[in-house]
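Below you will find the structure I want to go over with you.
Chain nomenclature is as follows: A, B and C, assigned in order of appearance, with residue numbering initiated at 1 for each chain independently.
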Amino acid sequence: MQGHSLATAAFALLSRDLRLAFRRRGEALSPILFLLMVATLFPLGLSPDPEQLAAIAPGVIWVAALLSSLLALNQMFHADLRDGTLEQLIISPWPLPVMALVKVLAHWIISGLPLTVVAPVLGLGYGLDGATVKIMFWSLLLGTPTLSFIGAIGVALSVGLHRGGMFLALLVLPLFVPVLIFATAGISASAEGFAVGSHLYLLGALLALAVSTAPFAIAAGLRISIS
Amino acid sequence: MNKLTLWFHKLGSPEYFYRFAGRWAPWAGWSFALLTVIGLYLGMFKAPPDYQQGESYRIIFIHVPSAWMSMFIYVAMSAAGFVGLVWRIKVAEIMAMASAPIGAAFTLVTLVTGAFWGKPMWGAYWVWDARLTSELILLFIYLGIIGLYQAIEDRRTAARAASLLALVGLVNIPIIHFSVEWWTTLHQGSTVNLMGESSMHPSMLWPLLIMAVATKLYYVMNVLQRARNMILELESNKSWAKTVLQPAEASR
Amino acid sequence: MLRVESLSFQRGQVPILEKVSLELEAGEVLMVRGENGCGKTTLIRLLAGLIPAQPDFKVFLDDQPYHPQQVQTRLQFMYLGHALGIKDELTCLENLEFIARFLGGRSDISPLGSLQSCGLDGYQYTQARRLSAGQRKRLSLARFLLCPARIWLLDEPYSNLDAEGLTLVDRLLQKHINEGGGALITSHGTFIPQVTNHREMILEVA
């Protein structure tokens, strides 16, 4: 057995998932398009008044980002379940929580990272100042991986279901609440000129909790769903 | 093995649990009825009106115990779910899933009575208060658990999946509560403090405590009855369940 | 090397397996035959660890209790299910290269070599979704050449294959048992594996 180590296996899985996403790039881009559309509709529905837009920007952009990452979640384990690679992953010799961590990481690189880059640009369009846009970027960088981890638990539990998509929203949206609150509060605080450290620390704490516990829940969920 | 662990092992057998639940559910039911009559009588007629809120405060004798139960049942459900997941005990899975609808019902009662109370107090049925909002999110989590349990076909797989979701929720609920509290203090200043710092007068406190015990007994009665039905359904091809369902035919 | 002692399994109310016993020796192919719905797939999935075992799970690997979720156990077997475990968007070669890197391949055969042994020479740069059903099966079987597992669990390996494909499966099985491995395979048909050492057992509907 050559190069038979956990790190090799994890890296092989990561690069396979990224390559797959590249082959299906149209599908991978749709959450970003969704974000852009929603963020465009809000000014049309409310008013083009710059002051009002700047006031709602953190909430609107974060809620749009959150829904778009929910949309992206649907792609996470479904194809793997259909083509049998999920079964092969579960019975592989590697610890399933580690493999789940890798899957979530790959999913975040595909969906969360572009979101983190694009959403702050939308913030500029909503008239937020440079410092606030920077905080928005940090809040997304710390917050979207947490969403991916929590979301993956929901996907793992509902992956075999027929109407999994609608269901997923009910399972995971309540759990998204803390991320949404800390992130938008941080951006608002920055816009009003207050310190934002505590908000970002809390987002970081949530991420640390998610990284260290969610993989176990995802692994357990997958085992339950596959049986 | 000492007596207590032995008893727990016996309780894990569906047949024994079915008999056990059948014996105790009526007791819980009757004591619930008795305590509710006493508690509501004391609360509605004997306790004095509040010097600030007049008569409308009396809804707390339902509202507050329900709110306590909404959280108590969640913890009980998660504990049962944990036992079911780790040791794969059928009865524990059933207890967890039998608890979920009761917990959701208490959460709904809390929200509705809160709205009735909010109207005279705050002038609105709904305000984005920290407690109300986290209670609403708790209801969503309950609905997610019930929904997941209903959506999966195999009953045991469904119970395991929903129990896992309950445990994930258990970790998240304190965080959600904390974040929502933080959010309201940021957005609207400190909200009305429902219970106040001052201690309650005994004439109000006693009915409240009695109602708190009564709602727990209601939960015990309801969860045991539900669990009995679910066990019969799950085990309906076992000989003991056939005897229960059709005593005459089985003995023939 | 693999021994199953009166294994029962039920899903909800429905008994799927009723006291199934079998023994798989090293160097033999055990064909489990039975009509649709007799629990062949469940048996294989139970042994692969895809379905959690029920309390009375009595399976032994080399006379040691068998825990399908332990790393040491999982290194010993490979599984072929109804879903083939290949990615449509990857080329044949990429699929096998992933398997080799993920599970740690054998040193005596390369992904390309295993592809050629399975009659897919010339398809290495073709995406798997362009393959026919039989060719996809061959690609999935090529995985088995790549990895050093002692026990093969194959669910319906002969379905979807042409005459040449059938002899391919026989060839793979023969090579495996020559190397001292064992294979548990299922079939609902009447096909008889053309290998030197093979036994059959009939699985009745529970």
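Going forward, a contact is a pair of C-beta atoms (placed from the backbone, for glycine too) under 8 Å apart; a residue touches a chain by one contact, two chains touch by 3 or more.
The structure presented is a predicted model; accordingly, all values stated were derived computationally and were not measured.
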Query - Greatest separation from chain A - chain, by CA centre - result: C
Report summary line: If you tally C-beta contacts across A-C and across B-C, the winner is A-C
Query raised in the report: At what distance in angstrom does the C-alpha mean of chain B lie from that of chain A?
Result: 33
**Report entry** Distance between chain centroids, defined by C-alpha means - chain A, chain C (Å)
**Finding:** 36
Report summary line: In whole angstrom, the CA-centroid distance of chain B from chain C equals 48
Query raised in the report: Considering chain C alone, which of its residues make contact with at least two other chains?
Result: 52
Requested in this report: Note the residues in chain B that touch 2 or more other chains, in rising order.
Outcome: none
Query raised in the report: Which residue numbers or ranges of chain A touch two or more of the other chains?
Result: 227
Query raised in the report: Within the complex, which stretch of chain B touches chain A?
Result: 85, 137, 140-141, 143-144, 147-148, 151-152, 157, 160-161, 164-165, 167-169, 171-172, 175-176, 178-180, 182-183, 186
Query raised in the report: Contact residues on chain A for chain B in the complex?
Result: 153, 157-158, 160-161, 163, 167, 170-171, 173-175, 177-178, 181-182, 185, 188, 206, 209, 213, 217, 220-221, 224-225, 227
**Report entry** Complex interface listing, chain C residues touching chain A
**Finding:** 48-52, 68, 71, 74-75, 79, 81-90, 94, 98, 101-107, 148
Query raised in the report: Taking the complex as given, what residues does chain B use to touch chain C?
Result: 88, 154-156, 234, 236-237
Report summary line: The answer for chain C against chain B in the complex is residues 11-13, 52, 55
